Amino acid sequence: LTAREDAAALGGRVQGVIPPLVTPFLADGRLDLAGFEANLEAFAGEDLAGYLVLGSNGEAASLEEDEKLALVGVARARAGSRALLVGTGLESTRSTVAFTRKAAERGADAALVLTPHYYKSSMTAEALQRHFEAVADASPIPVLLYSVPAFTGLPWPPGLAAALAPHPGIAGMKESSGDIGLLGRIVSSVPASFRVLCGSGPVFYPALCMGAVGGVLAVANCAPRATAALYQSFKAGDHARARRIQDALTPLGVAVTSTYGVAGLKAAMDLAGFRGGHLRAPLLPAPTAVRETLWPLLERANAALA
Amino acid sequence: LTAREDAAALGGRVQGVIPPLVTPFLADGRLDLAGFEANLEAFAGEDLAGYLVLGSNGEAASLEEDEKLALVGVARARAGSRALLVGTGLESTRSTVAFTRKAAERGADAALVLTPHYYKSSMTAEALQRHFEAVADASPIPVLLYSVPAFTGLPWPPGLAAALAPHPGIAGMKESSGDIGLLGRIVSSVPASFRVLCGSGPVFYPALCMGAVGGVLAVANCAPRATAALYQSFKAGDHARARRIQDALTPLGVAVTSTYGVAGLKAAMDLAGFRGGHLRAPLLPAPTAVRETLWPLLERANAALA
Amino acid sequence: LTAREDAAALGGRVQGVIPPLVTPFLADGRLDLAGFEANLEAFAGEDLAGYLVLGSNGEAASLEEDEKLALVGVARARAGSRALLVGTGLESTRSTVAFTRKAAERGADAALVLTPHYYKSSMTAEALQRHFEAVADASPIPVLLYSVPAFTGLPWPPGLAAALAPHPGIAGMKESSGDIGLLGRIVSSVPASFRVLCGSGPVFYPALCMGAVGGVLAVANCAPRATAALYQSFKAGDHARARRIQDALTPLGVAVTSTYGVAGLKAAMDLAGFRGGHLRAPLLPAPTAVRETLWPLLERANAALA
Amino acid sequence: LTAREDAAALGGRVQGVIPPLVTPFLADGRLDLAGFEANLEAFAGEDLAGYLVLGSNGEAASLEEDEKLALVGVARARAGSRALLVGTGLESTRSTVAFTRKAAERGADAALVLTPHYYKSSMTAEALQRHFEAVADASPIPVLLYSVPAFTGLPWPPGLAAALAPHPGIAGMKESSGDIGLLGRIVSSVPASFRVLCGSGPVFYPALCMGAVGGVLAVANCAPRATAALYQSFKAGDHARARRIQDALTPLGVAVTSTYGVAGLKAAMDLAGFRGGHLRAPLLPAPTAVRETLWPLLERANAALA
């Protein structure tokens, strides 16, 4: 397959719900690959389009390269025909290229490339464009752009997606700002072959209304069934049900991201019967009081399915 | 009518598109009431639910009280059965109460009350709640809450709408942050009798999807027909057309707010055959180059109606 | 005197400590002119260079014009030969000019003109420059520029002071961001005749080191003696003592501004034997617990004088 | 030596000017160790207290571990008795500990530990405190805390330095926000044995006034003599000269940090006869026009020495 065919083929596969997998750790901080695998096994029966490994919720920033590759390997073995997206973005272009190649060798279907962001004021639209183009030029697999200002502190330049969409190796974008106006402007500025994925649970339904083809959503880790039902309701044209599920999911979605972060997400997964596991320091575990807060939010999300 | 009946009655009337009327000035800075009236006459034939006088786009911050009341009087005479919303929010509770009463005397149907914001760090949820309650207690007309962080620098506390919704004198809210996640959380936290109006043109369609009942939108001043068509498409269940019009309206909506501000809006109105008129200093007029940029955006918005 | 002589004369008089006077209110919200006068009487014995009436700490945003002029009148009667600065900035250029003239008639020595800020994104360096020039052109008294981003949300354009310094009616600036790098850049970009006043208590000493000629400081309302002693120590070349007093003043200065706002300042004034008085809603009074927090901070500030 | 003695000994050595060394690259992106060494040789004759390797200006975020250790090795060989600080902070506590140990083995005198920042909303004062304590517990060399909000997007919690100062392995802090009020509050909250270094060139002199014992300043890479002269003037009690040099250094200091970033710093070093060298992508080189802007700023800085 040529790169363009790869990108088009990938675009067809990322339509729907994709959980950004968490990385469970043991109490001593070591990787809990068994827990990771157990989650994949549990997710196998859900209506998901694929998986993202090494995203922000996967604590990628706290993993060593060998750990990252081990996670990719396990996910590949368990993903079957589902799309396997792997977060490969690092601060420098050369290290991003090098790691993207390694992820591809281990079976990644696409590379999710985060905006470099340490040198914020230098990350102009031009610098970002050159970075993404260089990575896509060198990558053996399609590239998805990734913007998440809550973590990077870097807003997405409005015209950048349109500038990068013609590149045959760039298949689309994960837009996690939660800014639906921005997402709408991106969707309407690119050809349909450039797929926009929503990265913010509380705006999944309106993002679909504005042309997103799916969602890479933290909340899908702890409420995969309700998240998938929202998507299917939208696809079936049932806006009323999609919005009802969105309303039920939103408090949980907010809790496991902006309010309590990855600690909240892992606690909610534990409560929901998945394997959230320990966090890696400096992240601290969610206090018991938070766990008690999460339980009714999980119940409300699941009640929307009745 | 009791206050509660007023609020309910008002709620039924603010469903649809409401332009936040601009205030045209003469070249010497004096009020151009004839221009203001001409716009109302031109809008009479459009499918609008009402008018907002003395909003942010009306340069309320730069008007004297007698000018404000003159504008309310003219708008009342021209509004007919359409809802007449009047911006009455000032920094102190007592001056807001006093001016709200005067606006009611001149025929306002509802008071749009901006969050006080100069003492930002002191404007806690509690301070804002007490302010809105005191204004609503004293107001002879229903109150609509108004949040516009781009101007005030003040984010809206997530739970405040739910705390204020039970007040019989508070009919709803204009939410102008453009944050659809926040708008969705507000809508799902209040009873249906509390009406949420969208105040950001680029997210009008997704706001309607999330339960907003209408929009108070700058862009409705220069493209009233397309804006109303978006609303009617949504009401008719034609999501595809609503989104298509949204996509066509968005570049114009962005240009006449975040990019070029009130100067851009007035220039676009002039181009569209309305009376934008001069600005009051310190606002500067849009340069000629901006006017040339606006023309194709207006054409694109109107082409969506074909 | 010509305007230039006025500005030069004023410059000579604003060297030192100037409290931005609070406006005491009665419990029912009415102006407490007696309390205001009592403070002026108490301050008469302190080593102060002047007074600012109608600043941010004076709750100017919550006052009506007749109240403002009454305060100016009382201050003029009590100020004697001290410099009387009056905050006259409003959102529009024309209302700022009109009120500046009224303040001058009532005896103001200089007008402190706040940056207009409601239309933030339109307040370019050019718009601000034209505004200040128009006000200074029309003002019968010297103008001092005033930037306070904590309230306005508007950063000061680095080159604006240098652009305005040549105007014969512009005497200087009150810089209240607390950004000493910015203050230093301003001081080194203007002639010595353009006086820079520091508006942030916790950086008064370093601001003096960088060339500020005085301070308009909230903390001077509740600890005038220590604040003046800091200034005199600096003038005498006693850096060690100036810094020691600064260290002792800083916790109080932070408490009565960023932490507890005007409510904290008024509470501290009450504790110190001045007349803070009530606030005007929507500002809420400081809780009792805050008052208990303030007491040791006042003691620490005064202990530095021993 | 015990850890406490190490920390105390280090504190005595970091008083003065310390350039955060840049990392020159070749045109193809590889490390230019010869250029790095040439700079150390050139700096040997300047009045500097030490060096920082692997700081923000050293593009540490874009370096691989083997490259980092090579740079430490070269710097150690060239540093002689000067203090060798090494940036060892990474996102996870365990990787920070591991790399700190390796840096110590290669001869680092102290570890400069950046605040983890990717998971911004989770980086509470408690999370940061535990992180720094864990690193200091495990580190064979003294730890210096490092806060640089312009890159991390994370403000420094006001009380954190005081909470960490008692730790025997924590010797001080590099405070790079440029907020002199914050720096002053930190200095006055810790014992004198906890050394505060200023990390912002435009406020070096006022930082010294407020109790900083030295500066780790980008501008020291391109104007080491003027920067050192500022420090020596301050130490000699010559405030007038210190401020004069500060004024002359500030435009250059702003240009090589906030305005043009590392690209500007490297260009200025090239102009000044040092070896700035190429940048590593995604950082882009400074355009020719920027180089022309920098030249007079260098001249102005050096003229202050005359």
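When the chains are written out, they are named A, B, C and D in that same order, and each has its own residue count from 1.
Convention: a residue touches a chain if its C-beta (ideal position, glycine included) is under 8 Å from a C-beta of that chain, and two chains touch if they have at least 3 such contacts.
Fair warning: this is a prediction, and the values are worked out from it, not measured in the lab.
S.K.: Over the chains that touch one another, what is the least number of steps taking subunit A to subunit C?
M.R.: 2
S.K.: Comparing centres built from CA atoms, which chain ends up most distant from subunit A?
M.R.: Here the answer is chain C, farthest from subunit A.
S.K.: If you average the CA atoms of subunit C and of subunit D, how many Å lie between those two points?
M.R.: 36
S.K.: Which whole number of Å gives the spacing of the CA centres of subunit B and subunit D?
M.R.: 50
S.K.: Of all possible chain pairs, which ones touch?
M.R.: A-B, A-D, B-C, C-D
S.K.: Flag every residue of subunit C that touches subunit D in the complex, lowest number first.
M.R.: 178-181, 184-185, 188, 200, 202-203, 205-207, 209-211, 239, 243, 246-247, 250-251, 254
S.K.: Which residues of subunit C touch subunit B in their complex?
M.R.: 29, 56, 61-64, 91-95, 116, 118-124, 126-128, 130-131, 134, 150-153, 258, 261-263, 280-284
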